[in-house]
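Following are the structures in question.
One chain, subunit A, links the two complexes that follow: it is found with subunit B in the first and with subunit C in the second.
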Partner chain A sequence: MAGDEGAEIYEEREESMDAAVDKETEIKTEGKEDENVLQFLDSLDGYLTLMDSVNSKLREGWFDLASARHSMGTLRINSTLLDLKYHPAASTFQVTDQEVGSLGSVPRFALSKWVSKGGGSPKGKDFSTDTDSEIGSPLSQQLRHRGVSEKPSAKDENTLAADEEIKKERAKSLSVFGGLVSPKLRGAQLSFETALETLVEIANMRASMLSAFERITEK
Partner chain B sequence: MYGFEALTFNIHGGYLEAIVRGHRAGLLTTADYNNLCQCENLDDIKMHLSATKYGSYLQNEPSPLHTTTIVEKCTLKLVDDYKHMLCQATEPMSTFLEYIRYGHMIDNVVLIVTGTLHERDVQELLEKCHPLGMFDSIATLAVAQNMRELYRLVLVDTPLAPYFSECLTSEDLDDMNIEIMRNTLYKAYLEDFYKFCQKLGGATSEIMSDLLAFEADRRAVNITINSIGTELTREDRKKLYSNFGLLYPYGHEELAICEDIDQVRGVMEKYPPYQAIFSKMSYGESQMLDKAFYEEEVRRLCLAFEQQFHYAVFFAYMRLREQEIRNLMWISECVAQNQKSRIHDSVVYMF
Partner chain C sequence: MAGRAPIPARNSALIAMIADEDTIVGFLMAGVGNVDIRRKTNYLIVDSKTTVRQIEDAFKEFSARDDIAIILLSQYIANMIRFLVDSYNKPVPAILEIPSKDHPYDPAHDSVLSRVKYLFSAESVSQR
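Then we have the complex of A and B:
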């Protein structure tokens, strides 16, 4: 009799322990689902904001191009002046697969602008556009440094030299329209350049959004 | 007080002056521009232009229209007016009218040479050339590798030949050399036109000197602003400025060393006629500079019609038509891009 009661108590305890474990697991699962939903909604918000931004930049670019045509004349800015000779691309685009925590494998898009036109190591600054490299992002793999860096002047010099190279590459791209172009044409170039960067960010945002959506819908 | 143009001008120039004043009356007014600014699409613009002198040129164009089509057809109207006047003109008016074409010839030469450098098809380039700047051997420009060949093979038999004396080098043509060639040719052309008008004397000389001096000064400012931050050196920049005008020579000395728009403003504000232009813009801004210069040019061109018995009315009419076409192009672009709020940024009203 005492043994039966003991067994019953043991079974009750086991059942209550199992129930507690199940409840804890359920809470953890719900928490993870909430995290996925929040991630999806954040990505969606970022995606819509970026789409708005790229539309605005493209409108600005086309308008600046029309302004430049008005200023310099239709003979100086038209499609017949574009260079048909073979030449390396001023910007390149890479796609890689990246393992990102809870999101699994996500395609990552990176843009390298104004790389060397002659091949070999890039002379210009490599503007890899990748949302993971944004400072402050929870997925950022950049280390945070506190205090003053050891060689600020060397870094500044390198930055200045890189900026000069980029300026030359930009001018070289515009030289199809002549050596002396209106500031409006340069403004149009910058607008389209920014739009290109935004498009790459949109691609990355869309990839993480779709991945988060898959996580939500899988059972 | 001039010579006795009133006694003799009408013998050879009276008919054409009457014609050009009639053409001037056909220029678009502020009411026309207001109607055009209300258009929703390019077909609306075509409909509004059908009631103007451009109507017959646009009526057969199929939809959907493009802004370049509107500009091309309106330019044909300008070309027809010019050719009618040229074929009726006698010396020295015919030479004066020929001078108006040379600027377009320079632009066409540069277009063909640049396009050839970029391996474009010559036929495609010829279609884009300005009709006023066409000449017989223009297609042969595509075979030249440097400026010496350009001159020897083609341009030696054209009116541009005298302007090449400062450009003749054996350097291969590249984008910067072509740009320097363009500006050097235009400088030589303006100086030659200026001397020709001075020889004519009378009201023609006085009014054209003012208009050409303004053109030279505006070119100097544009060259300065466009060369900021480029590889063009100060000495090369100064060589591109014309040797006449209000800014010559001291203004040119100061413009040659400018490194930003505010320094350009500082130079120009010392000259009262240009102080008014730059006062319309805020510091660091260059967006409205083009419009300000166009407005000043239109004001001077309209004043040319206040006097009679001179050739400057022909030059003024051609320039006013070109400005009108520029306005139409701008309005069309703003309507096509759904940016109607920005139309008034660059439209220059004449009357």
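Then we have the complex of A and C:
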């Protein structure tokens, strides 16, 4: 009798432990689903915000291009002048498979701008979605100080050299329109470069959104 | 993700563009233009004389190439080949729809947003 009671108590305890484990698993699953939904909504919001940003940058670019066409003439800025001889792209992309938390593997896009292919190692700048890697010479942003000036370090010299290469590549890109071009055309070039950087961010946001969407609809 | 083949890493990949003249010229100034040894370009300029067939062929060719990471389409051009764009479901190359000078961006027609909008529809809510 005592043995039967003991067995019953043991069985009841086992059942309650199983129920507790099941509940814990259910809570964890719901937590993961909520995480996926939040990730999806964040990506969707980011996607729409970036699309708005690229829209305004493109408008600036089109406006500057139209202004340049107005000052230089229609015949000097049109698609018939485009270089159809063999040449590689100066700005290229890298695609890698990245593990992102609960989303699993997601493609990640990165941009390398103005990578010189003319012999030697590429001297362009890598652009990722980090705000630190914006184009621009760091030296030009330093304050001038009177007195003893510091010798440029090797890193600064490399940065200067890279900036010079980028200037050359930019000028080469505009050279199809002639030796002297309107400042508006240079402005258009910068606008489209910025739009390109934003498009890379959009591609990453799109990948993240689709990945979260697939996770949500898997259930 | 379970069951999905890993995405092969691509270095020095290109962006392909199917858009109007000004958009193409602008992005070419940004340094993304590529012409290979066979004089094939990574862009198609669409004007009044370009046929839908040419756009479809260009899209199919770009989406099949291994050296392309992103395909950029003006949204009004994507609308001409909407069936083809919406039925494309590979992660790479990524298809991005952008506005053009004369046709503003419409989120309702974006293929990515169309795919996910069913999450917000009344039917999907009632099924849960």
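In this text, the second predicted complex is superposed on the first by the 187 of 219 C-alpha atoms of A that agree within 3 Å, B and C clash if a C-alpha of one lies under 4 Å from a C-alpha of the other, contacts with A are read in each partner's own complex, and residues count from 1 in each chain.
Quick note on the criterion: a residue touches a chain if its C-beta (ideal position, glycine included) is under 8 Å from a C-beta of that chain, and two chains touch if they have at least 3 such contacts.
Everything numeric here is computed off the predicted structure, so don't read it as measured data.
Participant: Just from the overlay, do subunit B and subunit C fit on subunit A, or is there a clash?
Facilitator: They fit: once the shared chain is superposed, the two partners occupy separate space.
Participant: With the two complexes superposed on chain A, say which partner A:W62 touches: subunit B (first), subunit C (second), both, or neither.
Facilitator: both
Participant: With both complexes overlaid on chain A, does A:W114 touch subunit B (first), subunit C (second), both or neither?
Facilitator: After superposition on chain A, A:W114 lies in contact with subunit C alone.
Participant: Check the residue A:S175 against both partner chains and state whether it touches subunit B (first), subunit C (second), both, or neither.
Facilitator: Touch status of A:S175: first partner only.
Participant: Which of the two partners, first being subunit B and second being subunit C, lies in contact with A:K28: first, second, both, or neither?
Facilitator: Once the two structures are laid over each other on A, A:K28 reaches no partner at all.
Participant: Return first, second, both or neither, reflecting whether A:R13 touches subunit B, subunit C, both chains, or no partner chain.
Facilitator: The answer is neither, since A:R13 touches no partner chain.
Participant: Between subunit C and subunit B, which one touches more residues of subunit A when both complexes sit on the common chain A?
Facilitator: Per-residue touch count on subunit A favours C.
Participant: Is A:L84 contacted by the first partner subunit B, the second partner subunit C, both or neither?
Facilitator: After superposing on A, A:L84 lies in contact with both subunit B and subunit C.
Participant: Would you check which partner chain A:A188 touches, where first means subunit B only, second means subunit C only, and both and neither mean what they say?
Facilitator: second
Participant: Look at the superposition and give the distance in whole angstrom between the closest pair of CA atoms, one from subunit B and one from subunit C.
Facilitator: Distance of closest C-alpha approach: 5 Å.
Participant: What part of subunit A is shared between its subunit B contacts and its subunit C contacts?
Facilitator: Touching subunit B in the first complex and subunit C in the second, residues 62, 66, 78, 82-85 of subunit A appear in both lists.
Participant: Which stretch or stretches of subunit B touch subunit A in the complex?
Facilitator: That would be residues 68, 71, 107-108, 111, 114-115, 118-120, 124-125, 128-130, 175-176, 178-180, 182-183, 223, 225-227, 229-232, 286-287, 290, 326, 329-330, 333-334, 337, 339, 342, 345-346 of subunit B.
Participant: For a test of understanding, state which residues of subunit C touch subunit A in their complex under the given definition.
Facilitator: Where subunit C meets subunit A, its residues are 1-2, 4, 6-7, 9-15, 21-37, 39, 41-42, 45, 69-70, 72, 91-92, 94, 96, 98-99, 101, 104-105, 107, 112-113, 115-116, 119.
Participant: What residues of subunit A sit close enough to touch subunit C in their complex?
Facilitator: Its residues touching subunit C are 40, 44, 47-48, 51, 54-55, 58, 61-62, 65-66, 77-79, 82-97, 103-105, 107, 109, 112-114, 169-170, 173-174, 185, 188-189, 191-193, 195-196, 199-200, 202-203, 206-207, 209-211, 213-218.
Participant: Mind listing the subunit A positions that touch subunit B in their complex?
Facilitator: The contact residues of subunit A facing subunit B are 59, 62-63, 66-67, 69-71, 73-76, 78, 80-85, 167, 171, 175-176, 178-184.
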